[in-house]
Structures are given as C-alpha cells and as structure tokens.
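This structure is in structure tokens; I'll ask about it shortly.
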Amino acid sequence: MTDKSPVSVADTQTLTSLGKAFRSTLSRDLLIAFKRRNDILNPVMFFLIVVSLFPLGVSPDPQQLSVIAAGVIWVSALLASMLSLDNLFRADYEDGSLEQLLLSPQPLYFMVLAKNISHWLVSGLPVVLLSPVLAYMLYLPSEAYGTLFISLLIGTPVLSLFGSIGVALTVGLGSRGLILAVIVLPLTTPVLIVGAKAVADVSFGLPVGTHFAILGAMLALALTIAPLASAAALKISVN
Amino acid sequence: MTDKSPVSVADTQTLTSLGKAFRSTLSRDLLIAFKRRNDILNPVMFFLIVVSLFPLGVSPDPQQLSVIAAGVIWVSALLASMLSLDNLFRADYEDGSLEQLLLSPQPLYFMVLAKNISHWLVSGLPVVLLSPVLAYMLYLPSEAYGTLFISLLIGTPVLSLFGSIGVALTVGLGSRGLILAVIVLPLTTPVLIVGAKAVADVSFGLPVGTHFAILGAMLALALTIAPLASAAALKISVN
Amino acid sequence: MWLWFSKLGSPRWFYELSGKWLPWLYAAMVVFMAVGLTWALLFVPADYQQGETIRIMYVHVPVASISLACFPLMAVAGTITLVWRMKLADMVAKCVAPIGAWFSGLALLSGAIWGEPIWGVWWTWDARLTSMLIQFFLFIGVIALRSAIESQDAAAKACAILAIVGAINVPIIKYSVEWWNTLHQPASRISMDPMAPNPPEIWVPLLIMIAGVYLFFIITLLLRTRNEILVRERRSKWVQDLVRKG
Amino acid sequence: MTIGSNPEALLEGRNLYCERDERVLFEQLSFSVQGGQLLQVKGSNGSGKTTLLRILCGLNDSFEGELYFQGQLIEEQRDQYLASLLYIGHRSGVSRILSPRENLRWSGALHYPIADADIDDALAEVGLRGYEDVPCHNLSAGQQQRVSLARLLIGRAVLWILDEPFTTLDVHAVAQLEVRLAHHVKNGGAVLVTTHHDLKVDCRHDVLDLDASRVRSSV
Amino acid sequence: MTIGSNPEALLEGRNLYCERDERVLFEQLSFSVQGGQLLQVKGSNGSGKTTLLRILCGLNDSFEGELYFQGQLIEEQRDQYLASLLYIGHRSGVSRILSPRENLRWSGALHYPIADADIDDALAEVGLRGYEDVPCHNLSAGQQQRVSLARLLIGRAVLWILDEPFTTLDVHAVAQLEVRLAHHVKNGGAVLVTTHHDLKVDCRHDVLDLDASRVRSSV
C-alpha cells in the first residue's frame, strides 16, 4: 500500500487549474473518438451518402440538381451533425463518467464546452471539409463554393451547440435516436435558412455579408447560452 | 416456497407453441412501444420535420418543390425508418433480454420477424399514412398520390427488414446512430430508386406496374432472408 | 408581496381561488362567444372579395393569436419552476404545452380551410404559415420530452429548460423565416392584413371573438391545471377531504 | 465425482480450451454436472468464469473442446438443450420499461405456457408484492435482480446456469436464494453458479476452481 | 456518537426526508460522520441506500432537509465540498473504450494534478499490472470495478462515498479494499459505504440502518 500523509480537508489552491482540466477533457474526448474511429468517419460518410441519395431519388439532371444543391447540402449537414450528437454524452452517461464530471470541482460550463469543441472537431469539421466535393457532384455554381464553405464553417458549430442541449436533456432516456431530432431540428431552422440562403444568393450574384453577420451573431449567442443550458440539463438528467 | 414436483429433463411436447410465442413477442414489443409513446410519435414527427426542412433550404417555389417532392419524401421516409431502427434490438441487448431470446427454444426466425412486424407497425405505418399530407405540402401532382402511397406501403417494410440486419450487426457496438445509417443506407438504395421512380413516372403519365412488381419482389426477398440474416447477426453480436 | 407570491404558489390556494373564478369566467365566455358568433356569422356583411369565407377569420385570428402567447407563457412558467421551484408553475407549464399545440394546430387547420377558397391552395410556404408550423413542431418537442421522462421532477426542469431555449428562439425563427420568404417571392403573396382598410362592423365582432376565445383558453387552462393539481396532490389531506365530500 | 466421460452427466465439458486477448483462460478443462448436484465455479477476477458459463450456454463460441448434454453433443440437439436450460447472466434480462409482471409474462411464455397467478406468486415470494406493476427502472438495483431471479420460480428447466446471482441482494434475499438452489438440486435439478461470496447450501456442492483449472469436491 | 447538530462533523444530514413513487424512503433522518469514522449504510433492497448516497453527493436533489459540510450548509460552499469528495456509484465511471491508465488519467486530472507513475502504481496495487493498456471493455466485471477503485489510491479526497464497492470483487480484492478503507479512516478520512456483505474493518465503524431509520453504533 502506497503510504501517504494523513488526509485533510481539501486545499483548493492545489486543485487542477481550469486550463489543465479543460485540456484534459478535450483530449480525452478526442482520444475516445480516435479510438472508435467510426466517430470520425461516420458523420462524413452519412453526409456523403445522404447527399448522393438525391440524384437517385430526385433526378440526375444537372440543371435541376444545381438548383437544389445548396439546400440539399445544408439539410444533409444538419442531419449529419444532429445524428452524430448521440455520441456526445451518451456513453459517458451510461458508464458513469458523466457523474464524475458533474462531481468534479471544475466549472461545468467549460467542461461542456470542451466536449462540444471536441465533438465538432471530429464530426462537424470533416463535413465542412468535404462539402466542396459534394457541391461539385451536385453541380453547384462554382462561384458559390467559398460561401458554402464559410457558411458551413460558421454554421455547424451552432448546430453542435444547440444540439448538445437536446442531447443533455434526453441522455437519460431509454428510447433515443429520433426524439433528439424532434426536439432540436426545429430550433436550428434559422441556421439552415440563413446558411442555405447565403449560398443561393451568391449564386445569383447578390452580396452575402449580412448573412455571415447573422450566422456570426448566432454563433456568439450559442456559445454563450448553450453550454450553460446543457450543463443545467445534464444535472437534471443524472438525477 | 411453492412446492413443485421434482424437475426432470424437458418434455418438448409441453413447450409453448410457436404461434403463442410469436404473439407473445409481438405484443411485448408493441406494449413497450406504447408505454414509451415516443416510439410511435417520433418517427412521424421526424418525417414531417425533415420534409419541411427542404422548402426552407431549397426554395418555397411550388414549381421547384413539385419536381423534387417524390425524391424528398422517399429520402425522408428512408431516413425516418432507418433512424427509428435503433430501438429495434438496442434496449433488449443492453438489458439482457436479447440473450434470453436467443436462449429460448423458439425458432429465431419467427421471433425476429415478430419484432420486425411490431417495429414497422409503430414506425413505418404512421409514416406511410402521413405521406399524402406531405405530398400535398410539396405540391406533388395529385395523380401521383396513390402511387406514392402504395410504393411506400410496399417499400417501408423492406426498409425495416433490411435495416434490422444492420441493427443486429451493430447492436453490440458502443458508438451508434450513424454507423447504422452508413451500413444500411447503401443496402436500401434500390428500394429508394424504384419507389421514387414509380412516383416520378406516374406524374409523367407512364405505367408503373413493373415498379410495383419489383418492389413486391424485393419485399418477398426481404421477408425470406432478412430475419434469418438478422438472427445470425444477433448471435454474433452477443458473443 | 413575497407572501402573496408564495401563497400563489400553493396549489391548494390556487385550486380554491380558481374554483371561485370559474363560474364568472364561464358566464363571461358564454356572453362573448354568443354575441361574437351570432354577429360574425349572421350580421357581418360578406366581403366583396372573399365572400362568405371571411367568417372563418373570426375563428382563425383569435386562435392564431393565442397560440403565439402560449410559448412565452410556458417559458415564464418554466423560469419560475427553475428559479423558485414553485410546483404550481410547472403544472401550468405542463398544461399549456398541449393547449399551445392544439391552438397552433387549429390555426394551421383554420388557415388551411380558409386558404383553399382564397388562395386556391390549402398550404403554401408563406412566411407566417411556415413559422407557425415550426412553432407547432416546438410544442410537439416539449410534449415529447415531457412524456419521455418518467420522473415528474426531472421532466419539469427539463421542459423548463427547453421552453426557455425555445422562447429565445421563437423570435429568431420568426424573423429568419420572414426574411427568407419575402425575398424569394415578393409578388405572388396575398396580403394577410385586412385590418387597416376595413370598417368597424368587421373588426368589432372580431375583438369580441378574440375576447371570447381568450376566455375559453383561460378556462381550459384552469380546468387542466386544477385536474393536474388533484392528480399530483391526491395524497394530501385536503384533496382526500375534497374527494370524500363528494 | 468422475472427471472425463460420463454418460450419466446432465452437462459435461471435455478438454475445453479458451483464450481471450492472447491470454489462455483455461485449457484441458473437463468437468461434469448431474441432476442432484450444484457446481460452483470459482476463480479470481478475470479468471474466466463468465466466459465459461457463456460458452456452456452457447452464447460464446470462440472455444475448443466438446460439450455434451445427457451424453450427446449439444450442437446435435440444441433445441432439446435450450428447453432444459435457464441462464441468468450479468445482464439481468429485465426490460426497464415493462413492469415485473410483464417481464415475467414474456420470458416465461418463451419457454412454457404460464398462468398470471403463478407469476404473482413468484413475485410475492421474491419480496416484490406491491411492485408488480411498477416500471422496472423505478426499482432499486437489488429489486431488479429479484425480478430476474423470480424466473427460477416459474421456469421448469432442469439445468440452471447462474452468473453471480447474489450481487446486490440483501442478506435476507441471499439466504432465500440459497435455500431455493438447494431445493432445486434436491428435486433432481442441476445448478452451475459463480459467486465470490461464501456459498452455504444444504445439498451436494462441488467446486470448479478456474485458478487451479481442476475440480475439487468440497462436500 | 452525537446525533443532531455537530459542528465537528465532516458531513452531517439533518432531518432528511425523501419519497419516491409515493413511498417514503426515510423521514427525520439525521446522521453525521467525522474524520476517523466509517459509517456503513445498511438496509434491505429498495430501502433507499443508493438514493441517500446520491443525495449526499448532490446528484439527486428531490429531498427535504439540510446537509452540512464542516458545519456549513453544503449549497453555500459546493466547490469546496466537491474538492473534498470522492464518489463511486453503481455505475463505475470507467469508459469502456479507454484503457485503465487513460481512464485514471482523466478522472484524476479533474481533481488534482497527477503523475503517470502514480497511476501505474495504483493499477498495480489493485492487481491490474499488465492490463494498463487493454481497453476496459475487454476486462471482466471485477476488473472493471478494480479500475474504478484505483481512484481511491490516487485521489486526495477526505470524504469517500462508496455505493456497494465490493460487488463482483473476488475474495482477495475484498480483503484488500477493507484494509484500504481502514487505512483511510485511520489517517483521518471519513468513509460512507453501503454493502450487503459482512464488512470487517479495523477502525471505528458505525452503522446507519435505513430499515430502522436511526443510527446504532456497532463497534
């Protein structure tokens, strides 16, 4: 038995610093994602598959596809990011790690934020990076590539953040999958509208500065309230 | 302690009959679905929400919507049926009921079939029933309603059956959600193609008898092999 | 003030007080509804453009405007639940959700019925209709969440959070949807704003109907809440006394 | 107790070999269990008890060696074997959404037709009277385990394979289960059980120690 | 042992009341635990032990009554309290995808900075030498529990709250954990523990019996 000096009531000075705890949580979640590998591959694959269902289901006509391209890509990105969210807290809830997180003396806002960032890095970012390829496959006018990319880059974190509220609310439920989508999808329609509209507008040669500004404002709002709401929801879910 | 006659090696004559075991499994699954309520509501709501995302993402223009209507409805039905599948074996796996099912002396083909039927009744059928409303909202030409309805009625059970193979294969995995979609969506594209094409053709006034015949053949095939494949996959998953 | 607040939080007090109010509310509703409906159905002149269908307005507008009030109400109740842990607030929140969903659904339905003769379609992706549809989805989300969570306490808080987040979102959704559609098809839309050019014989009965339907809403809400109180407090002494009495 | 071939044995394993993650769990393991006998599988954590029991049930097939039921290879008569088997594992097999009664109704009906009155009797006996209709996720850990164990009372299987059935049970329930096991064995049944606690049963009780990989008789 | 107000107590509950599903689990329950004391919470299945422990940790807030940490209300000093607390529940808090070492690295780092060498020492002590890098889902039930218990060795919390920590442990590990608990108590720590087995610790050991809803001293 490793011998230790007698225990005493905690000296909060020696606690792990917030920065260190934040990095530790972030890197733990990234490590889990890399070990599972599927976490990284699946959202992209899902995105790719769903987008390619449209030429099959709608019509392979370039003319028609180019009209719906922006909308289809945005809807698919929305779905991919929504459905990959199930991984955000579920495993932690089931194995009890979530309880440990809630009982740690670290501020929950930042711990949840760390988990959100890690989740976006492994599931949102790859989708953003792949989007130009899909845009090409759906004959999106090439002027719009940049706008699509940037709008997804700003928009997908908002989706993740809002989504995480929904996951936190439903993580304790036996049934899963769709209830998350039913709760979260309506909340995220503004992101979809603004994002898809930016791409559509730029194809018509209209300016898109305002669109980006609105998306940015949404991101700021989401960063402020979503981790707080998620943290509160997590406390309720483990109850 | 209830006193019983000394136990002896099983007399297979007195076993529960297949029909009774089938009904018992079917009604158990329906009971669970009704108790959770969400199992029934969520696939329909998801279907409804996803379909309404397209006007938001693509354009509210009736002209454009009517062109993509059939494809969008079919893709959304495919996604709804895919994502509701997570409920099919997951809870049973986690609480150990699946082991009990595998260890029962009943033929697994029929037990899996019972679970499939119950799943389709609560998640596939409501989607089919709602489809005309959505077809209206997306301005599908009204000649095509009947075809859409029938093609979904034959097609969604095929989706459930094929999907259940995917669930059975992945039920033991920690990460979930998207991997299922990634495995199953490619398997089910033929159904999507034929179904959507039937609707598109009827809008152009073409005959659709062959399409229905193909869908029917797919259903027959799925009924024959899917429960067997699922049963085999379940045995692997609990290993 | 504080005393009043905590007293209001007592389900029993609320039950008894609302019991006293209810007859008056009933009476007022019957009066308003009777006057409003007769006036609207029999005496309002048919519109020169819309014909008799203008009468649907007397259902549609009140129902739609109430459904818009439900989400903020639910969010306020949710905030009270979270901050002061007042049980009564959650009972109200729980009862508002289905009413909100119903009224949203009715607004959609009455709008659709009206739209058919006026626009020639049951449904169009107009900004207002779309945002109403999304609001309907939001209500369904809250209801689904409530029914999915077993523990009453957890369900109360979870739904409160969702209601608050949703309420922050409702204006954003409304704004974005309007912005989205007005640019896409500015011309083909039919004005939904007939108030301005219309004479008093059209909008006075409308105001009466609005008041009547509001009363109906309040009564429904009270009845549901009272029912919820009885269910949740069924083991308390005063409820059992009540049951024993009759 | 005879080791090796034994035509009288209910369940017999011969020359079993299993490795996991390149660690040999057991090799040349042979054992048998007959009606009227309780065989306790012992071993330290990670010695392979759970793995062995799952192999015996057919839930795990990554092993080598032969398994016999009543002197015949199990794979040749799987249905007959399953009809005589009752397994309770680490996972309780209790749906958390259904009530205890509904759970037993289904898991009972998979094997033998069963009357509702019998189910209620069984639940009362495991101390769940009054909880028949509560959804199982509202039960405590030990109560859920009791639901699972109620299956021992309604089933008619001759061979019980139980993996740590005593976890989370309170002292009273532990004693009751021990009595129940002895009762089954005395009636001619056979029990294979793992547990880390000090099992006290009033019947023939042998031990298979996986740490030693051989069978010792303790009674 | 003093019941009621006690400024010296590390953790104290006063007049606790909790009901679930309209069944009162405990009412007017008061207890306290100080440094140098082990308090075992006893009770039959479903008596509310888990519920009580989760209330004490702040994981469950549907109760009435007051909780004090060092004489002050816990809600007024939650951070200080959490920094002094270590909880291990029915759910082990061990990620099944990560290895034991990675698990401990994270759960340790949430509280206090910790060196990798200490982690390996702790794992060796709970008998997991050689398993440091195996993903936890490849460990047996008892081995996973050991990973979770290794946190007792690396943490610096003064108050341990343990819910059935002995489940699935083998005899050797049980004895070792008992020694560890006594060691912590003798060093001035406090332990609150539930278990159905017959706890043998060499330190001050009191019992809170939920079936009787009052505290008896057993040593």
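Letters A, B, C, D and E name the chains as they come in the text, with residue numbers starting at 1 for each one.
The rule is simple: contacts are C-beta pairs under 8 Å (C-beta built on N, C-alpha and C of every residue); 3 or more make two chains touch, one makes a residue touch a chain.
Nothing here was measured: the structure is a model prediction, and the numbers come from that model.
S.K.: Taking a step as a move to a touching chain, how many steps at least join chain A to chain B?
M.R.: Shortest path length, in steps: 1.
S.K.: Would you kindly say which chain has the C-alpha centre located farthest from the C-alpha centre of chain C?
M.R.: Ranked by distance of C-alpha centres from chain C, the top chain is D.
S.K.: Using the stated contact rule, I'd like to know whether C-D or A-E comes out ahead in C-beta pair count.
M.R.: A-E
S.K.: Indicate the whole-number Å distance between the mean C-alpha point of chain B and the mean C-alpha point of chain D.
M.R.: Each chain reduced to its C-alpha mean, chain B and chain D end up 35 Å apart.
S.K.: Suppose each chain is reduced to the average of its Cα coordinates; what separation in Å results between chain A and chain D?
M.R.: 45
S.K.: Could you please state the distance in Å, as a whole number, between where the Cα atoms of chain A are centred and where those of chain C are centred?
M.R.: Centre-to-centre distance between chain A and chain C: 33 Å.
S.K.: In chain D, which residues are in touch with two or more of the other chains?
M.R.: As it turns out, chain D has residues touching two or more other chains at 90, 96-97, 135, 137-138.
S.K.: Quick one: which residues in chain A touch 2 or more of the other chains?
M.R.: 36, 91, 174-175, 179, 182, 185-186, 189, 193, 239, in rising order.
S.K.: Counting only residues that touch at least 2 other chains, which ones in chain C make the list?
M.R.: 134, 137, 140, 144, 148, 151, 153, 177, 180
S.K.: In the complex formed with chain C, which residues of chain D make contact?
M.R.: Contacts found on chain D: 135, 137-138.
S.K.: Spell out the residues on chain E that touch chain A in their complex, using ranges where they run on.
M.R.: 10, 57-62, 70, 79-80, 82-85, 87, 89-98, 102, 105-107, 109-113, 118, 121-122, 125, 135, 153, 156-158, 179-180, 183-184, 187-189
S.K.: Residues of chain B touching chain C in their complex?
M.R.: 36-38, 41-42, 45, 48-49, 52, 55-56, 59-62, 65, 136-137
S.K.: Any idea which chain B residues touch chain A in the complex?
M.R.: 36, 38-39, 41-43, 45-46, 49-50, 53-54, 56-59, 64, 67-68, 70-72, 74-75, 78-80, 83-84, 86-87, 90-91, 173-179, 181-182, 185-186, 189, 192-193, 196, 200
S.K.: Residues of chain D touching chain E in their complex?
M.R.: For this pair, the touching residues of chain D are 20-21, 43-46, 48, 50, 90, 127, 134, 138-143, 145-146, 164, 167-174, 196-197.
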